[in-house]
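Shared between the two complexes below is chain A, which has chain B as its partner in the first and chain C in the second.
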Partner chain A sequence: MHSILLTLARKELTEGFRSYKFLIWAIICGFFGILSPLSAYYMPEVLAIIGASQNIMFTLAEVTYRDAVAQYVKNFTQIGSIIMIFLAMGSVAGEKSDGSLQFLLVRPVKLRAILLSKIFALVFMIILGLSIATILTGIYSLYLFSGFPLVPFIRANMLLMLYLLVLGVVTISLSAMVQKPIVAGLGSLGLWLVFSALGALGGIGSYSFTKLGSEMIHLIEGFSISWKPIVSSMIIMMGSVGCSLFVFKRWEPSN
Partner chain B sequence: MAMIEIVNIAKRYHAVDALKGISFSVQQGTVFGFLGPNGAGKTTLIRILANLIAPTFGTFRIHGVTRESTKKHVGYLAQQPGFYPWMTGRELLRFSGKLYGMGAGDIEQRIKELLSLCGIEQAADRRIGGYSGGMLQRLGIAQAIMHRPKVTLLDEPASALDPVGRKDVLTLISRLREETTVFMSSHILEDIQRVCDEVAIIADGSIVLHEDMDKLLKSHAKPLVRLEFEHSSSASKFQVHMEAISIRVSKESEVQMVIAETDFHSQYSQIMGILVDYNLLLKSINKENATLEDIFMHHIKERNHA
Partner chain C sequence: MNKEIVLLVAPLVVLELILKLICLRDWSQRERMNGLSRTAWLLIFLFVNLFGPIAYLVYGRKYHGND
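Showing the complex of A and B:
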């Protein structure tokens, strides 16, 4: 099991590189990493130019690293989430559609090893992308803003990693349950919207994994964080993997 | 020794019985042909033996073991093989070997052997996405036998290939009998007759015939007489008159009719009389031995009549 898992994980990593999936994600993360501090820093100037052409005067509070961090969190928890779903939705369903999953299923390979190897590659991809984004945002923010808390920012990225991981694991799990990647993608998008709506509510909403974004800002600001979204993230991931294994075991090729 | 034992296997999809409780066994070292029209249940049985789908009822044993434990003894090539297009042929074989727990040295040695056996040395380091149909099928056979399986399941291995590709793949399959028991399905009778030692015919989810190929051809070796007419109208009239005198005629095409040689001789004067009296113009008349195709058509027709 151990060596098979390593073999499968190596295959997933090679596929991620050769299919340019990792490269696309790394470029997007790099873009967010640069864009977040720059857009926050230059926003007053951009608004001043727009205002001058329209005869409107915008009054903004002084821009700080907090604006850069807020922009960073927004970029990843909004556009980044959609891109994550898009990159993960074909993980298993794509292999069902093109027949390559049968190559694995006729061999002495456990279904959980297939899923774990895909999650392993997902973790690698998220770490790779967030490392690039963290480094770039860190460099630009230190240069552009005073008092940027680099260490808390790096720690807070662990929460962002968990946020993206939940989304990726749910998408991979759905991908193992359905026949077509687009169904997995739409299903995951739907769940993300439900959790986002839930997160906007009080009470039970504090358990939504989408609250990890605001917890990330709390951590950077030096406040204590709530464990509720972290615990619920773990439960969501374990639950979705469990459900997908249950359904996946009953899957039979139809074409 | 029976290498594959199929015991009363049935498979039901919703309201459709794809397999209706079939049982037979395949001996070690055989190239076994599994013949049947499209939709007869060939792929369903192969997928059951490959552990891709579960039977609704019944069981099977491969090399004495059953279900999940059979995986290490089985090699499989799907009808439309799906390999990773971003891998090279060599990488796919290496990946396959690792999944079967083969050692690194053994894997490299085996890859060398298989690339040579399957004639894909030149393409070994090219991405699979760029392979032709024939190369893909030969790589498919190589990956199926990479771990030296006791049984190799080939689902329509040559059906989608051009004549040259088909010939190459069939030659390769006939060489496999030295190292594995081959269970291949096909709807191309010529392919089965060319490489198989034993054959089973499946129709509508049931086995209608299972026999050794040589014995089968001998037992059904009733010579036939093939009459080719100038016009289809002559052929149709001939069929009507033959049925009137209780001679069984098989219509091969619009202008070709086949009757058993024994009938032809016993009713010779009457047949000739009909041809002359009704001015039924013949183009040719030939005596032939029964082929697997004749046997197959006979059994399928009988099944349809029943």
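Showing the complex of A and C:
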């Protein structure tokens, strides 16, 4: 089982590099890593230029590292989330539709191993991208802002990693349940929107994994964080993998 | 001040150029594309920043039967 899992994981890593998936994610993370502190720092100047051409005067509070962090969290939890769904939606459904999964299943490979190897590649991709983003945001923020808390920022990125991991795992699980990547993508997008709307509510909304973004800011500010979204993230991931295995086992390759 | 901005923004330009070059290399090796014509994809990844190359790499290049 272990050697099969290792072989599959290696296959997924090779595929991730060959399909440019890892490269795309790394470059996007690099973009966000540079753009977040830069856009926060130069926002007053940009607004002043716009205001001068329109005869409007904008008054903004002094820009601090908090604005850069807020921009970073916003970029990843909005655009980053959509890109993550796009990158993960074809993981299993794409292989079903192009026939490569059927080819794999004629060998003694467990479906569980296939899913685990895909999740392993996803974890690798997220760690790679977030490391790049953390380093770049760290460098830019330390240069542009005073008092940037580097260590809490690195710790807070663990929460962002969990956020993206939940989205990725849910998308891969949906991808294992359906025939076409677009269906998995739309399903995951819908679930993400539902959880985002839920997160905006009080009460049960505090369990939404989308609250991890605001918990990240709490952690950087030095406040204690709530464990509710972390626990619910674990439950969502285990539940979605369980559901996908249940459906995936009943899949008929001839269909 | 201007020099500082140029230096700070330069890595973004480099990342964008790398993406466009990868797309161009891949595009020149393929005869058929997904969804749109070859020329349309060329224009998209050359002139739409960041999202153009990503759209090409994620969707455009995956023509079934050519991959």
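Quick note on the criterion: the second predicted complex is superposed on the first by the 253 of 255 C-alpha atoms of A that agree within 3 Å, B and C clash if a C-alpha of one lies under 4 Å from a C-alpha of the other, contacts with A are read in each partner's own complex, and residues count from 1 in each chain.
Keep in mind that, in the parts below, contacts are C-beta pairs under 8 Å (C-beta built on N, C-alpha and C of every residue); 3 or more make two chains touch, one makes a residue touch a chain.
Note that this is a predicted model, so its numbers are computed, not measured.
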Kindly say whether there is room for both chain B and chain C on chain A in the superposition, answering fit or clash. fit
Using centres of C-alpha atoms, tell me the angle at chain A that chain B and chain C span after the overlay, to the nearest 10°. 70
Name the contact category of A:98: first (chain B only), second (chain C only), both, or neither. both
Go through the superposed model and pick first if A:73 touches only chain B, second if only chain C, both, or neither. neither
Between chain B and chain C, whom does A:119 touch in the aligned arrangement: first, second, both, or neither? neither
Please work out whether A:107 is in contact with chain B alone, chain C alone, both, or neither, and reply first, second, both or neither. first
Quick one: classify A:132 as touching chain B (first), chain C (second), both or neither. neither
After superposing on the shared chain, does chain C or chain B touch more chain A residues? B
Looking at the overlay, does A:225 come into contact with chain B only (first), chain C only (second), both, or neither? neither
Tell me the contact category for A:166 with respect to chain B and chain C: first, second, both or neither. neither
Should A:241 be classified as contacting the first partner (chain B), the second (chain C), both, or neither? neither
Can A:253 be said to touch chain B (first), chain C (second), both, or neither? first
For chain B against chain C after superposition, the smallest C-alpha distance in Å amounts to 5
Please identify the positions on chain A that touch both chain B and chain C, taking each partner from its own complex. 98
In their complex, what parts of chain A are in touch with chain C? 20, 23-24, 27-28, 30-31, 34-35, 38, 42, 83, 86-87, 98, 136, 140
If you look only at chain C, which of its residues touch chain A in the complex? 5, 8-9, 11-12, 15, 18-19, 22, 26, 50, 54, 57-58, 64, 67
Mind pulling up the chain B residues that touch chain A in the complex? 47, 50-54, 71-72, 74, 76, 78, 80-84, 86-87, 95-96, 98-101, 143
Under the definition above, what is the set of chain A residues touching chain B in their complex? 3-4, 7-8, 11, 14-15, 18-19, 95, 98-109, 252-253, 255
